[in-house]
Each structure stands twice: as structure tokens, then as C-alpha cells.
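Handing you this structure, nothing more for now.
Just so it is clear, A, B and C label the chains in written order, and each chain counts residues from 1 on its own.
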Amino acid sequence: MVELEGLMTSKHVLKVVDLEVKFFTYAGVVHAVSGVSFEVFEGEVISLVGETGCGKTVTTRAITRLVDPPGRVTGGRALYRTKSGEIIDLLKMPDEDLRRIRGDEIAYVFQDPTSALDPLYTIGGHIVETVKAHRRAPAKEILKHAVKLLAETLIPSPELRVKNYPHELSGGMRQRAVISIGLSNNPKLLIADEPTTNLDVTVQAQILDLLRELRSKYLMSLVLITHNLGIVAEMSDRIYVMYAGKIVEEGATEEIFYSPSHPYTSLLLRAVPNPVRKIEKLETIPGTVPSLVNPGPGCRFEPRCPYAMEKCAREEPPLVEVSRGHRAACWLLEKR
Amino acid sequence: MRAIYRLLSKIIDGYALLRDRINPGWSSKNSSRLREWKLMAYAFSKSRIGVLGGLIVAAVIVIAIIGPAISWEPYWVYKSVTDPRLWLHPPCIQPSCSEAPLFGTDEWGRDIVAMSLYGFRISLVISLLVVLLGAPLGIFLGLLSGYRGGLVDEVIMRLTDIFIAFPGLILAIAFASVLPRRIREFLEAFPALRDSLSFLFGLRPQEYGQLAALISVWFAMVIVWWPGYARIVRGSVLSVKELPFIEAAKLVGIPEHKILIKHILPNVLSPVLVMMTFDLATATLFAAALSFLGLGPQEPVPELGFMISKAATYFPERSWHVVLYFGTLLLFIALGWNLLGDALRDILDPRTRRAIEFRGEGE
Amino acid sequence: MGLARFVARRIATFIPTIVGVLFVTYIIAYSIPGDPTRAWVGEKLLNPEALERVREKYKFNAPWYEQFAFFVSQLLSGNLEDPIRNRNVFDEIFERFPITVEVAIVGFTFLVAIGIPLGILAAIKKDTAVDFFVRIFALVGSSLPAFVLYYYLILILFVYASTTQLAGIPMPSTSCKSAIASLPQSYPYIGDFLSAIGSVPMFGALMCGELEVVGETFRRLYLPGLALGLLNGGFIARIVRNSLLDALSSEYILYAKARGLSKLRIWGHAFKNALIPVVTVLGINFGGLLSGAVIAERVFNIPGMGRLMYEAITRANFPIIIASTFLFAIIYVTVNLVVDILYAVIDPRIRY
């Protein structure tokens, strides 16, 4: 696919261009994701940051067409380079080929492990079927591999736990189990949705260390969805800030933390304990996320933006470059 | 459909006016609840199944109320004794046939349509009596059991387990077969009760023996009916009991019975209401089945199930019209309640209700 | 293993329930109108001394707890006498019991064969004409009185189309019967079990390889079976449909897709989870099947336990009514026990 190869460099693992996801509900058409583009390079960790409802989860699921009706991917491309070097558009692949990608090349760690795990199957059972879906191997071998995986994610007594059912594990162990399942086929890209929320801080640190190790050992790329800026600061190479279904700012972690260029990003950084810069007083961002049923023509953050101008309500700002690799979508930048 | 919505809307408004008379300012305090009811009425008016069910039920109720009064043949006269031609006469369509009623006659030469007018009353009254008395009994015990817990809960639960251990019809058969004599003696001792019950069922006081059979059927059915409600209500109470707002109510000092009635009961009510509607269909068929087996009122009372039972002996050559007619009537009564219950279930579930609302024009 | 402990605990609750059942049966028995002695003795002419002796024997003069104890012992030792036929009530019942089991099994087979595929179809073709049809089918099925449908079907399939017969029950040959009866002697324990199964005519014939008898049995019993399937099939289909759709929209199904599992495996996950409510409903429905046996056996002239109970009602034969009620309850409680254990096998969360 010559034209696709033109867009991807040899270092690209994933390149998403102008992704659009709409939900066709009784209340109207919800524009959940409108023209989102991002890229992931080999062995890097990127974070997708934003408040609840901004579309981060839908975006990552849309890439492998995991969006169920009434939602539908209505536009864009998701270019991916497989382990064997082939470049494909995930959104245009036939279903069976896509199935082979899921769980093997691109793996997910879902946000709520309790609902993600099937209560009637053991942890070992989950891992065995995940592996068997992609390669032939005897169950016994897979179970041994499973025990090793569980041990790697610091689950105590993994030989016993592998035979346990989900309800026999604590919340934290379930979260680690889901991470193990995600890693079972050595994916090239791991998409982790809030992977450490239920874990206490020490375990959290260990899991993050583990993910970093895996990244270098297997050259695995990681897409981290989170609103915990501490983890973002520690783990990510680059950040994408999302608001109301659009990317409002993107760039290297340090850049974003030291010079946020979008009002939303700076407010976000001031609203949580900032690990990079010490702030005296936490501020809130007044208002709530807007309804995405019939978004107006202007900037979606305008209603809550303290710097809103008359132009902002009329026209949507494009992403402009602030510095190398750092872009933001705000009319304030035009002035500069 | 619009007409139905307007009718229901007027009823809701009327109810609000009434409450306002008793407690002034009620309707403004409960405006959101009134709006929710109107939304439910709207959703109901848009449901074809619901409206159909509602119409059937309304028709059944009307026929049941006026039936015994307008029936052109008394059920206690055995016409075929004097006119043998009328014995199990098949449907008689003019002008080729003129000696018998349109739909035919039963064993005793009575017009089966006229008999069914009495039958409607009996079926409706007994199903209502069973559900309207059995359900609250079960609900009360369920509330008590779920809320109190401890020994009370254990005892009530053991009791429900024991009664649920019997297949419903079997238990009802057993009770309905041993009770009639005692109830008959009871009725003999209280003629006022006997007369008012006879009136309720549309029967003459002379048939109090059959009335006793009906009351035994009722009693047996109530015994079978209450455990189901007790279990469901208890389950609901258990899940609601732990919610923070109940704890808050307790901390503020609201007495227990008030908590039960004002806070717990409304949350439990929706599925119970649906169950009661479906149960009205079930109870109708259940009572008919018991009559079919010979446990309900006997001659000359024209109970719907009993009529089919008598006709069975001559089926199919001579009595196919009797079985077909009364069978279809039972089908309709039960269908009406079932359709209503089905629609009610969709309306009371907030998720499906929204879908119905949006599908129509916003009003 | 959690399962074994669960089974043990479940069986332990079986006992108090049986005691409760006994007590309720006792209450019914002693509510029998008139002189209880007469109820047990029937219309036989007995002089007052003989009556008094019977009264003593049955402890009708004693306080209620003694009566209860005696009643229980009589019931459990199977020592009740049918006053009309002068036989041991339990002998009569056990003669008929396997036939009712047969009817219940045929009925249950039709129910499952109609209900489950229809439910799966309705789930796959959600919100289409098929789905709507299943909904209507369920509504009509639960609105039609069983006995009315039976007569309609008889009219169509027996009177007009002679596809069945309405008398007797096909039985395995006498040599087969004696072979099965002698099983307990040759093989201890398992012989008793096999003999019990073999007493059901259909299974007995199967065990001896007399397949024509099995075929005849289906031809004889398919009418009530079909009727049961039509009446309750729609309801079961809706339960299957709803629980399947619930399972399919769960997060774990999406997660299974995200892991790249094949469609077959994903359906497997959905099915296993959807099975639980379906098993519950089937268990409850079985009680309805037993009750329905009384009506079905009357209409179709089947010489089973239900028919015995019906005849007992018409003749006010209380010992039979009491004993049948008791036995039906025992069967139902046992079936529920089996259903609960099945649950625990399917769903590991239940084992605690």
C-alpha cells in the first residue's frame, strides 16, 4: 500500500488520522469523537488525558472497531504496522483479519476489571483462551506461561491464583490479572485504560515499573488513558490532551507540564497536585462538559474558558504549532 | 392514541386536584412526580400492546359488572328439561335455524352467551380477590422480613420455602378439596356475609353451597399466591435497605414504619405492580383450572372452567361449540391482563420508557 | 472443593423443608370435613366398637402432637390405606408414578426443544418480525388455558387427523420388565438405581432395546407434550432471549472481542452466562409441569399419578389426595435441589 506507507515512517507503530465516532441515539446524534489524530512510535509511552466523557476510551476502542451500536466509526483512518512489518488500515480490514490483530498485536487493559472478567471462567482460563485464539499451543504450556505472567504482575501465589475465579480475587489482583491477560501474547501495542486506579500506591509504582521494563524488553508501545497527572509525568514520553471529543493540545511531557498552551491544559494542571511544579492553591474548572449532541461551530471549550473571545464562539481553532512537536488548538496562539 | 393520553392526563390532573383539597400545595411539591406520571401515561398511550390490553380489560370489567343484571336467561333454569331440543344445541344461525340461540346451548339448554355473562363476573371477582388480598399479604410479610431481619426473617422465609415447596395447583387442589364443608358451615352461621358475597359474585343466596366452593378456591389460591410476593419484596427490600438514604432517614429519627411506607415501598412497588397485573391473568386461568377439575362451584353456577369441564364428556361431536366459546373467553380475559402487564413492564422500566418516548413526537 | 461443601449444605436444608411439607400436609389432612375416622375408613359399615378401635389406632383422640407424630410415621412408612379400593395408597401411587414421570419428561423435552431455539433466534434477530412474533407467541401461550388447548389439539390431531390414540400407555414386554426388576439382585446399589430408572416405561424399553415401544410412547404422548411446548415455549423463549441479550451486552463480551476470541468462543461465554436465569425458570416451570399433569392426564386419559389425584377429587378420596400432594411436593423439592446443584456447577460464585 504505497500511499499508506507514505504516511508512516519506520518508527511509527500506530497513526490515527481524523478519527470520527458518532452515536446515533434516540436523543440525537452524539459527536463523541470529532477529527482526532494521534501517533504512537515504537517503544514509546503516550498518555491520553482528559476528564470523564471527553472521548478518550471511545477513541481507543474505535481504532480496532470495538464500538457497539448505536455508535459507529464514521470517518478517519487507523494505520498500524504489524509485528511482521506490514502496514494496514485497521478501520478498513475484513473482520477476520481484525480479529487476529486484537489481543495479539494490539491488546487492551479495560478500566473495570470486575466487569471485564467473565465470572464463570478462571483467570487461567482467560489467558489460555486468549493465547489459543492466536496460536496453537497445548493448554498445559499456556498455563505455565500464565503463572509466569501473573508472577510478573506481582500477584502472590500465582500457581493458585491461576485456578481462581474472578470473584475470589481482590480488586487489586483483578486489575493485575487483566494486565497479565493483556500481555499474554506479547502485543506490540498495549492500550491501558486507567490501569492502576484500584491499586494502592506501592503496587501502583511496581506495576508502572513493570510496564516500563516491558516497553524496553519487548519494544512494546503503551497508550495510557488516565486522569492521574502523576502517572502521566512519570511514565509518558508524550501527552495528548482531549476535551469534548477533540484533541486540544499535544506534545512532549515536559513541554506540556512546563508550558501548557491551551487554557484547558493549564487549568487542568492547576486543578490537581502538580508533581512538576509546585502550586499553592488548587483551582476548579467551573462548568461541566458540554452536550455533544449538536455541537456548535466554535471552540468546544469556549463556555468554560476564562480567556474566551468573540471569535472563539464563531470559529473552531485549528491545531497550530507552538514549538517543535508541541501543538495546541486555541485562538490565543494566533495572537502571539 | 392521543385521546387515551388526554383521558389519562385528565385523570392525573383530577387526582392532583383531589390531593390539593386534602393537603393544599401538594401538587406544587410533587410537580416532578406528576410530570413523571404524565410521561408514563404518554408512553402507555403510544404502546399498541398496552392500549389493546387496556381496552380488553376495560371491556371485561364492564361486562363483569353489568353481566348478571343484563343476562336474558337466569342460570338456575334448566331449559332442556322442558324442551329437549335445546340439549347441547350447536350454533344456530338464522334463517336456516330458529329454535335455539345464536351461539348454541349447553347441557341444560341454556344460552351459552347468557351464561357467560355470569361467568365473567365470577372469574373477574375471584381473580381480583385473590390478587388484591394475596399480594398485600405477601408484600407485608416481605417488607417485614426484609427490613427486620433476624428471627422474624428466618421464620417468614422458612414459611415461604415450605409453601413454595408444593407445586401451586397441587397445593390449591388439596386445600380446595378439604375446605368447602367448613366454609359452608361458616356461611350458614353468618347470613349477612353469605348474602353480600353472593351479590358480589352475581349468584343467588340459595346457592351458598357453591359459594362455599368458590370461597374455598379463593382461600386455597391466596395460600398459594402470597409466598411469591413475599420473596420478591424481601429481595427488593434487602437491596434498598443498605442504601445511604435509608441510613440517613434512620439517623434523622424517622420511625420505622414511616421509613417502610414512604421510602422503601415506592422503590419496591414497580415490579410488584407488574407482577400483580400478570397475576390477574394467571389467577383467572388458575381458578378456571380448579373448576375444570371439579373443585369450584358446581351446577347450576356457570363458571367458565366448569362449563368446559361438563362439556368435555360430549367432546367433540356435541359440545365443540361450548368448549370453543368458553375457551376463547378465558383466552381473552387472560390476554387482556397479560398485554397490559407487558406494556406496564416496559413503561415502568426507565430505560425502555425513554425509548418509547423519543420514538414519538415530543409533546 | 467448594462444590462438595455446597451440595452438603444444600442437602441439609432439604430436611427442614420436608418437615415443613409434612406439617402442611398434616394440616390439610386434619382439615378434612366430617369425622376423620370416616375419611380413612370410607363408607364401610362398621359397628361403633370397630369405629372406636380405628379411632384409637389413628390416635384421633390424642392431642395434636401425638397425632402429628403418628401421621408422619404412617406417611413415611407408607402405611396409608385407600378406603375405596382397599389397597395401600402408596402401592397405587407408585404404580402410576413412572407414567407421570414419562409424561413430564416428554413435555419437558418439547418445552426445551421449542423454547430454547426460538429464544436464541429472537435474540439474534432482535427487534425484527421474528422477535415480535416470539413476544406474541409468549403472550398468547400464557393466556390460553391448558385444558382448552388440549381439546383444540385433540380436535385437530386426533379427531380429524388420527395421529395419536387416547387410551393406554405403551409398555415394554414382560420379559423386559422382569429383567429390570431382577437388576437389584445381580448388582447391588447400582442395580437399584437402574431398576428405578427402568420402571419408567420409556426408559425400560430403551434399556431392553425395544425401540418400537419408545416410538409408540412418543406417538401416544406427543400431544400433551406438544401442547406444553406451545403453552410455555414462548415464555421460555423470551427468558432465553432476554438473558442472552443481557449477556451479549456485557462488558466481558466486549473484552472477549478485544482479546480477539473467535465468534464461537464469544457466543460460548454469552451462553454460559445466559444459562443461569434460564435454568432457574426451567426449574420453576417444572413445578407447573407436575401440576399440569393432573389436568393433562384427565384430558388425555393417561393412567398416571395426576389422573389418580383427579379421580380422588371427584370421589372425595382423601387419603389419596393427601398422599399425592405429599409425593408431588417431595418430587418438586428434589427437582429444586438438583437445579440448585446444577447452578453451583455452572456458576462458581454460588458455591459460597
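Criterion: a contact is a pair of C-beta atoms (placed from the backbone, for glycine too) under 8 Å apart; a residue touches a chain by one contact, two chains touch by 3 or more.
Bear in mind the structure is a predicted one, so any value in this text is a computation, not a measurement.
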Of all other chains, the one whose Cα centre sits farthest from subunit C: A
Chain pair with the higher count of C-beta pairs in contact (B-C, A-C): B-C
Mean-CA-position distance for subunit C and subunit A (Å): 55
Separation of mean Cα positions, subunit C and subunit B [Å, integer]: 27
Where subunit A touches two or more other chains at once, by residue number: none
Residues of subunit C engaged with two or more neighbouring chains: none
In the complex with subunit C, residue positions of subunit A that touch it: 61, 64, 66, 68, 99-104, 107-108, 110, 112, 115-121, 129-130, 133-134, 165, 167, 181
Residues of subunit C defined as touching subunit B within the complex: 16-17, 20-21, 23-25, 28, 31-34, 135, 139-140, 142-148, 151-152, 154-155, 159, 287-288, 290-292, 294-295, 298-299, 309-310, 313-314, 316, 318, 321-322, 324-325, 328-329, 332-333, 336
Residues of subunit C defined as touching subunit A within the complex: 249-252, 254-262, 265, 269, 272-273, 346-349
Subunit C-touching residues of subunit B, taken from the complex the two chains share: 158-159, 161-163, 165-171, 173-175, 177-182, 281-282, 285, 288-289, 292-295, 305, 308, 312, 315-316, 320, 323-324, 326-327, 330-332, 334-335, 338-339, 342
